[in-house]
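Heads up, the next two complexes both have subunit A, just with different partners, subunit B and then subunit C.
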Partner chain A sequence: MADSAPKAGRDVSSFSADSRWHKPVVGLISVGLFLAVWEMAPRLGWIDPFYTSAPARMYSVGLEVFQSGELMENIRVSLVEFCWGFALALLAGIPLGLLLGTNATARALLDPLVTALYCMPRLALLPVIIMWLGIGMESKVVVVLIGAVLPIIVNTMAGIREVDPNWARAAVSFGASRLDVFVKVLLPGSVPAVLTGVRLGLGRGILGVVIAEMYVSVAGVGHLIVTYGAAMRVDHLVFYSMLVSVFGFAAVTAVGKVEERLQSWRGD
Partner chain B sequence: MAHIQIENLSITYQSPQDGKPFVAVDSVNLTIDQGEFVTIVGSSGCGKSSMLMAIDGLIAKEGRVLVNGREVNAPGPERAMVFQEFALMPWRSVLQNVLFGLELQRWKGGDRIKRARHYVNLVGLSGFEDYYPHQLSGGMRQRVGIARALAVDPEILLMDEPFGALDAQTRDVMGDELLKIWDREKKTALFVTHSIDEAIFLGDRVVVMQKGPGRIKVVIKIDFPRPRAVELRDEPEFATYRRRIRDLLSTEVQELQRIKEDSHG
Partner chain C sequence: MVIFARFKSFWLGTLSFAVLLVLWESLVRLGWINPFLTSSPTDIAVHFVRQTQSGELSVNLGVSLLEFALGFGGAVVAGILMGILMGWYRLLEYTLEPFVWFLYSAPLIAFYPLFVIWLGLGAPTVIAITFLFSYAPILVNTASGVKTVDKELLRAAISFGARRSDLFFKVVLPASVPMVMAGLRLGVGRALLGVVVAELFGATAGLGYSINYYGALMQTTDMFVSLVVILVLGVGFTQGVAMLEHRFDSWRVGHEQ
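Up next, the complex of A and B:
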């Protein structure tokens, strides 16, 4: 064999062993540095901790709200709202995106609407949604749904349309029916793009649930944030804000990792 | 016996710019015998790839294509195609890509894997079954493309510039190996290329095409015995064939140049 064979299964794009650790290490250093400055600034008397809180205080707040049961109860409320909304977004968004990607008539019909909705300030609709659905769980579920569903639709549609036509042609050449082309080429070929939509939808869904709770509600992390904010209890406000941020970071990074693994063949 | 019979084959495209019809292939007649290796050579735009697509049944055509005396208008299991851009599924491993056609043609499960492994070995990729296309070189990818086509046990191999995306060295090696495989597998082969050397080295006959619109200019019989070795390219007769085909193709370029200049001034 004259072709140059790759020596191991490793991708050429990671050229050295330490480059794999480079990004997370630098990331950790930057977060650590930020926390250190945040902790030291009030202690050195540079700023008043009443306004900024401090990382060490996060720990005592966390312990307190965990022991009182406030933490778990409100996380549960927010998570249930989020999960319902996001599940509905996946259930509606992926099939709709597939339809729009494969059917020109559906695309002509719905594409302008989807684009318009994508650009609309959805949170401005909050009062109307609450008017319709009340201040309970339903209104939050809907806010998450409309936040997350659009990037999922748009990216799924784009994923189908960007599937290399050569793959479909090869399939037809080997005797594929239209259904075969859809199942064996279009679906697997669009998976990375669908994941991109899921990742973008996650961020918007998390933001949606918190902001909807902040607007009007009786429970949930967003409700706590606005309540503590009104009472000027900065430690608690910052604690819950960071909680949302850490959760969002973890979720988005997890999907991003899966995406990256599939990404290796995209655009290749 | 005539294996493939092409009668009055014409292909017309709608130009995407002005919607006017554009004749890519005009009234081609060609008969290919069982087990023959026919190469089609011509400059880009002469309709040689379109012709192959029409024979596979992938694009609309006028005229008739007969395989074993029966007219064909759609892809069928007796024909298999090897594509220039490889057209491998990037989410499938080497073995899964070779299995692709077998799955579509509903081969039995156990048979499938056995056949796929056999052809992965035949094209020299044993040990690479679980690699993904993006981990392979261009030459290796096209080996997968060839294995995928052979695995469905076609009578006819249609190859559309299969080595067009490879460097010259790899290309020669692949041509040599393709002939060895073809000697064993006894398929009828139709091979489109723009490389004159490749056309002579591989073909029992070379179909030289001209463009504007795509027609067969001449069909040249290549009188080299088989099996053929790489050294064949250094033979004086090889050079004679090469010069003849190059002259045929270059007069065409000159003619086109003249027509262009005439129409401009």
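Up next, the complex of A and C:
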């Protein structure tokens, strides 16, 4: 783990030493407590289980939809849509970000447009995209793409520009060509920022595929969420809502861990 | 030199916007693309005026802004308070951290149908989604602002006889303001997203509702009117908070690089 170096000022609240296992253990206990309360509250009659479902029911629902094949089939649809969209976002976003980071004219031309799109809630375009591309997979792929590509562009661009100019100067004085500077200094130097973009884009992309499927679709986990929601089948609804949430959480956290490890690549 | 560079980039930026609009308009006029699908800048301007005069736009804008204000306002108050507590009390931080990160990175819209079951269709659900979307970034940044206050400052204050409450109010709080601002900047965009998306799914008024409504009627131009307004709101809010953040940047106490 990359948390070995204590951060500056880490000890405001209490001045006692903190052991490594303290944090995960407390976290586990609190999540466990939360699940226990969620399970017990309806049983004790504190809340109506119709509105909240319960963790134990998640298990039986999960087993049921897994055996019926519903789970895997819809996960497959959602994942395929997401992967296409996200792959396109990486393929378009990183080169465009590199271009905007290195070329001042391209930046001047496109920066206002990129910034405007970056600041706006792009998922508002969803009905327009559906109108253009229909309710099938294509529209979901594009929604993931426009959700994910802008954080990737913006962070890649920032990453290139944040690279310490002294490094480039040092490389040049040791005889590096422009290409050398780009490949050996700017590219590696911008990797942490690119990963930040990838992490943010990942979150946006997953949100995009879920929203697009929830808005209108014929298959996918988002489709199931809306269907079970409309039917007020809260157990199934909560199961799928938790499923995509845990997936999003896990994916973003995983990229965050890689990002944390590569922080040392950032020049300061 | 710098002024010239700024001047140049301003004009190049304006130019690219203008070219885009002219291109869009002329492709439609030349019949190369179907205005039914893409509308055109002049049509959008005409419909913008019509929606403004009929009062439709101001009603939708008003509803969205109110929902935004309540959801985001609640997130700001709750996020900052909770963030300060989490930054100050480590046990609380460890206890809540898994939930906060879950809230931060999960596609929360998946819980939208559940909120509809709990709160009904309409403004309360929209406000709740807006709150949830923007709460986590504000909380996380506030907590890390409180947590990462420069130790030297604390030591200096202690040597001059500061009590714990002094440390908190005179050192930690002011020093964490820049991070709080960064949290607001991240939160404001997500709050707007929350309003628009929640309105897309189910509402009786608002900009997102209007897009959804005209989308169902296939009236592209009217959809674009709301989209343009949302674009302007997004840029305006984000830039506004960024300017605020910039103003408080001098409060940042850190080691000079």
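Rule of thumb we're sticking to: the second predicted complex is superposed on the first by the 240 of 268 C-alpha atoms of A that agree within 3 Å, B and C clash if a C-alpha of one lies under 4 Å from a C-alpha of the other, contacts with A are read in each partner's own complex, and residues count from 1 in each chain.
Criterion: contacts are C-beta pairs under 8 Å (C-beta built on N, C-alpha and C of every residue); 3 or more make two chains touch, one makes a residue touch a chain.
Just so it is clear, the structure is predicted and the values come from calculations on it, not from any experiment.
Novice: May I ask you to decide whether A:189 touches subunit B, subunit C, both, or neither, giving the answer as first, second, both or neither?
Specialist: After superposing on A, A:189 lies in contact with subunit B but is clear of subunit C.
Novice: Of the two partner chains, subunit B (first) and subunit C (second), which one does A:105 touch, if any: first, second, both, or neither?
Specialist: The answer is second: A:105 touches subunit C but not subunit B.
Novice: Of subunit B and subunit C, which one touches more residues of subunit A?
Specialist: Looking at subunit B versus subunit C, the one contacting more residues of subunit A is C.
Novice: Quick check for you: in the superposed arrangement, does A:232 touch first (subunit B), second (subunit C), both or neither?
Specialist: In the superposed model, A:232 contacts subunit C only, not subunit B.
Novice: Of the partners subunit B and subunit C, which touch A:166 in the superposed model: first, second, both, neither?
Specialist: Touch status of A:166: first partner only.
Novice: Would you sort A:119 into first (subunit B), second (subunit C), both or neither based on which partner it touches?
Specialist: second
Novice: Quick check on the output: what are the common subunit A residues between the subunit B footprint and the subunit C footprint?
Specialist: Common interface on subunit A, subunit B vs subunit C: 9, 11, 268.
Novice: For the complex, which residues does subunit A have touching subunit C?
Specialist: Listed in rising order, the residues are 7-14, 18, 22-23, 26-27, 29-31, 34, 51, 104-105, 107-113, 115-116, 119-121, 123-128, 130-132, 203, 206-207, 210-211, 214-215, 222, 225-226, 228-230, 232, 234, 237-238, 240-241, 244-246, 248-249, 252-253, 268.
Novice: Please give the residue numbers of subunit B that touch subunit A in the complex, ascending.
Specialist: 56, 58, 75-77, 80-81, 83, 85, 87, 89-91, 100-101, 103-105, 124, 128, 131-140, 143, 148, 152, 169-170, 173
Novice: Taking the touch rule as given, give the residues of subunit A at its contact with subunit B in the complex, in rising order.
Specialist: 1-6, 9, 11, 164, 166-167, 169-176, 180, 184-185, 188-189, 191, 262, 264-266, 268
Novice: Which of the residues in subunit C end up touching subunit A in this complex?
Specialist: 5, 8-9, 12-17, 20, 37, 87-91, 94-99, 101-102, 104-114, 116-118, 146-151, 154, 167, 172, 189, 192-193, 195-197, 200-201, 207-208, 211-212, 214-215, 218, 220, 223-224, 226-227, 230-231, 233-235, 237-239, 257
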